[in-house]
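Shared between the two complexes below is chain A, which pairs with chain B and chain C, respectively.
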Partner chain A sequence: MAAVVLLVMIILPVWASRAQPYYLQVALNVLIFAVLALSWDLLARTGQLSLAHAAFYGLGGYTTTLLTTRAGVPIAAGILAGGIVAVVAAIALGMLTLRLRGIYFAIATLAFSETLRVITKQLRFTGGSAGLVAPPLLGGSLPAQYAVILGILLLAVLTSWQVSRSRWRYAFTAIRTNEEVAAVMGVNVVRFKVLAFAISAFFAGVTGAYYAHVFLFINPFEAYSLAVSVGALVAPIFGGLYTTIGPLLGATALRVGEEALRSTVRSGSQILYGLILAVVILYMPRGLLGVWASMVSRRARRAPGASTKGAS
Partner chain B sequence: MVIFGVLRSGLYSLTSVGLALSVGVIGIVNFAHGEFLMLGAYLGYWLFVSYGVDPLLAIPIGAAVLFALGGVVYRVSIQRVLHAPELNQMLLTFGISIFLQNLAVILWTGDPRTAAVSYKARAIALGPFTVGFPQLVVFGLAMALTLGLYAVLGGSRIGKAMRAVAQSRLGASLLGIEVDRIYLLAFGLSTALAGTAGLMITLQLSTSPFIGLLYTLKAFSIIVIAGLGNINGVIYASLVLGLSEAFVEFYVPQGGGWAEGVFFVLILLVLMVRPRGLFR
Partner chain C sequence: MNLLALHRVTKAFGGLVAVNDLSLEVRPGEIFALIGPNGAGKSTTFNLISGLLPPDHGRMLFDGADLTAAKPHERARAGIGRTFQLMQPFHDMTVIENVMVGELFGHTIPKSLDAARRDGEAICALVGLSQLMERQVTELGVADLKRLEIARALATHPRLLLLDEVMAGLTPTEARQAIATIRQIRGQGVAVLLIDHVMSSVRDLAERVAVLNFGSKIAEGSFEDVARNHDVIEAYLGEEAGDAG
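Here is the complex of A and B:
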């Protein structure tokens, strides 16, 4: 099923771009968003609901921009460096917040992201509030850039899928359910929590770096924007947490919805995220996949019910 | 510098005490707290610009409106997640926060609005220092309201009921207290307080849809410093934050920007060193 979704995501935009390059641009945005969603979901599997995704995104973007413009580093290396810096930051933040649970953790991560934004705005080294300009990826060719993000997405999908298939899945779930019990059962809680944070941040950082080279410009307001963290959070929750398809579905639906909304409302299209988040929590806590699953099980229940009545 | 810090902490304690109430009595950390503050600020702006009503005079109106709004929000959404996992509650209020923030952007655009009250620039001499007149008034009013709240909580029947519910939901209901109604009242009160603080902010600074988040975070840091659910400690915790920010602003070069990060450092420090709060 996931393969079908992916195939659609690959083929559809290529076909659509022949008709309208705008669609390819939208698809590119969707893919960026999907990587963020997948990486957030990965971290959420350990029970850590982070609001710091924007921080890693921004760190990635700023790292690569600074390296490529000030140190003459090639773009590919810059993007990789963006990911690495994000990982380092994640490890630091992860260690700092080990003892924090639930809302404390969320607030600490949010505050981390906001503080990073303030700092970036203050320092002239990072361009202050005016931001920085970044060199274009692959000469600005949209299809080529699309291929790159597709590659990144595939990597993210593979990671997410692999984690849910391997023994890590049990560790993550145990930690998420009850850390103390998991520790007693022999799960190395610290290692997995920080590892999840690092992997998640890597993708966020790489994506942020990618973003810088595609949109050619970063500033503290956009790179560290709460919108990134919110989006990364709402998409998996909407689609279905702790799965691989869920974040993909959620990211696509939300991003497309936001683009559609943007044509009517000039700014504030983010309102969709708030609304969806509230609605999901109130009425469909397991997300779209949960709705799908309950529909399927209802249909399954009806079928055997008819035959067993006759049999007994 | 000390005076600055103290004045600032007055406003902070008003903004935070509502959140402390929500956390202490209902057990919900209202992520959207700052957004109610923002709505109060916009209400104050609108009343001033359309009818020339001074924001301070508009406080009773603002408080009533925000109380009603809080009640509605509570009934429609929060009441349903009272028994859900804490994370669901957090996500819900977070969603409400994003919703309200962007609603404001849609309705009123993202440009900041300022209410230029006539006495805005007036300053008063306090001994050897000059202090902004609006700041002083806001401080006085904020402190009065905060202390008034303490009086209500300590003295009145409803206040005592709230404290009972804060201590033990089960015990309070066994005593015949209608816990649901108390929750509704507490939440409404919490949003009313936030809105009132917002009105005061209109007086001093400009307002925009995005001010909510920062105040939510600062309020959160204050209640963490005070100890979650500790309503009485909010005044002291606000002093801590206010003074620390003032300190950074004055003694760190280019301090104005850095001061905005102080609350984060404080949160981390307190949670790592004394997670139960400094003023338990």
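Here is the complex of A and C:
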């Protein structure tokens, strides 16, 4: 299954570069969104529901743009530096917000993101509200750029798999459910919360940096946009929280759905999109994966003798 | 030497002194009960010992080491395990996974996932959860959740086990099983410090009892000694007589 998906993702750019560059552009947007969604989910697994993903995304974008245009740093190094700056910011923010839970944590992270936007808008060397022009990645070749974001996504997926197969999953889930109980059972809560923040921010920062070199332009309103932060959390909720597949599924369904609506419904496509989103979140609380799981278990129950779960 | 020594510990919440100048010693391998009326400071004492609350004054020694400033996870690894009065299982996990958290993180030398599962299964067997290991905790009843609380605390392989009202809400049969389990745990050399309102359980189990009232220790000794103590009768048993009247 995973191999088939991967194959399609690799063949797509080869085919699209000849026939349909539009589809490749959509696929690239899907992958950017998917990395953000997965990175948000990694943090959420420790119970930290962030509204700061735009902050890391924006920091990554500005870091690489400044480094490549002002200091002559190669783009690849600039993108990596974007991820590292985001990690440093995340560790600082993570230490400050350790004691905050739920909505208070979300508001604090939102404030962090908004503050960065205002600062960036005021400063001269970041280009103020006009923004900055970034050099193109790999000479502007769309298939090559697609390959890069595919690589970043694969790295994020491997990280997520490693987390969910290792002892980290136990620490993350325990902290998410009850920090005090986790602590008295020996889990170093501070370490794991900050660690999750750092991993999550790295991927957001790298993606933001990548975005700057693909869209060739960065300004405070788009880089630190609330839409980025909200998108990063909506996709995992839509697809299925605390999993690797869920955020990818959610990001794909949302971005493709949005694109399909835009090209078929002439006016009001955004309203229809919002409506679908609201209905899904209201009536499918465990997301697309939850629907899938209950379909499978219903079929298993209907088939006589096929179910072994009840007997075990 | 004492396993645990609280030395003149005080904790206040605003103007309310929850624990007042409390000194307490628990010896290795003994069963010690902390009793007292509601709001006497018993659960606060547990939070101070497990490190969830920092004391305002006083010191805590565990096995000779000063743990006054130690974090909860450091105390867990040093050998202090605890249960919670309100059962708080990790509801996104199965029973064995709940226990594995303690096995994985409650030790100074890290365990592999396989070793943690194997040792966790042994603990589930000890408390009588072998049949339910792969269940989601949301499917468990009260008695099994209490067992899980004990199992999770044991998973850090404590030398001191703090049991916060593990008998409450159990049927007489279940309570007898719990008492047998606690004796078995002590039989392995673990000291037990327990809070309980069920006096018959305290009398059956505890070798020594301390009575708290308004955050202060008002009596200490065998169950029979403190039951005869005038202050205790007034503060604690008197309250029950008042309820009955």
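Just so it is clear, the second predicted complex is superposed on the first by the 265 of 312 C-alpha atoms of A that agree within 3 Å, B and C clash if a C-alpha of one lies under 4 Å from a C-alpha of the other, contacts with A are read in each partner's own complex, and residues count from 1 in each chain.
The criterion applied here is as follows: contacts are C-beta pairs under 8 Å (C-beta built on N, C-alpha and C of every residue); 3 or more make two chains touch, one makes a residue touch a chain.
Every value quoted in this text rests on a predicted model; they were computed, and no experiment measured them.
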Decide which partner touches more residues of chain A, taking chain B and chain C as the two options.
B
Could you say whether A:M284 touches chain B, chain C, both of them, or neither, answering first, second, both or neither?
neither
Which partner chains sit in contact with A:L275 here, chain B, chain C, both or neither? Use first/second/both/neither.
first
Could you tell me if A:I237 is touching chain B, chain C, both of them or neither one (first, second, both, neither)?
first
Based on the superposed arrangement, let me know which partner A:A183 touches: chain B (first), chain C (second), both, or neither?
second
Which superposed partner A:L110 touches (first chain B, second chain C, both, neither):
first
Pick out the shared contact residues on chain A: the ones touching chain B in one complex and chain C in the other.
none
Within the complex, chain B is touched by chain A residues 49, 96, 99-100, 102-104, 106-108, 110-112, 114-115, 118-119, 121-122, 226, 230, 233-234, 237, 265, 267-271, 273-282, 285
If we count contacts the way the header does, which residues on chain C are in touch with chain A in the complex?
50-52, 71-73, 75-77, 80-82, 84, 88-93, 97, 100-102, 104-107, 110, 113, 116, 134, 152-153, 155-156
Within the complex, chain A is touched by chain B residues 29, 77, 80-81, 84, 86-88, 90-92, 94-106, 109-110, 209, 213-214, 217, 220-221, 224, 254, 257-258, 260-261, 263-264, 267-268, 271-272, 275
In their complex, what parts of chain A are in touch with chain C?
166-167, 170-171, 173-174, 176-178, 180-189, 242, 312
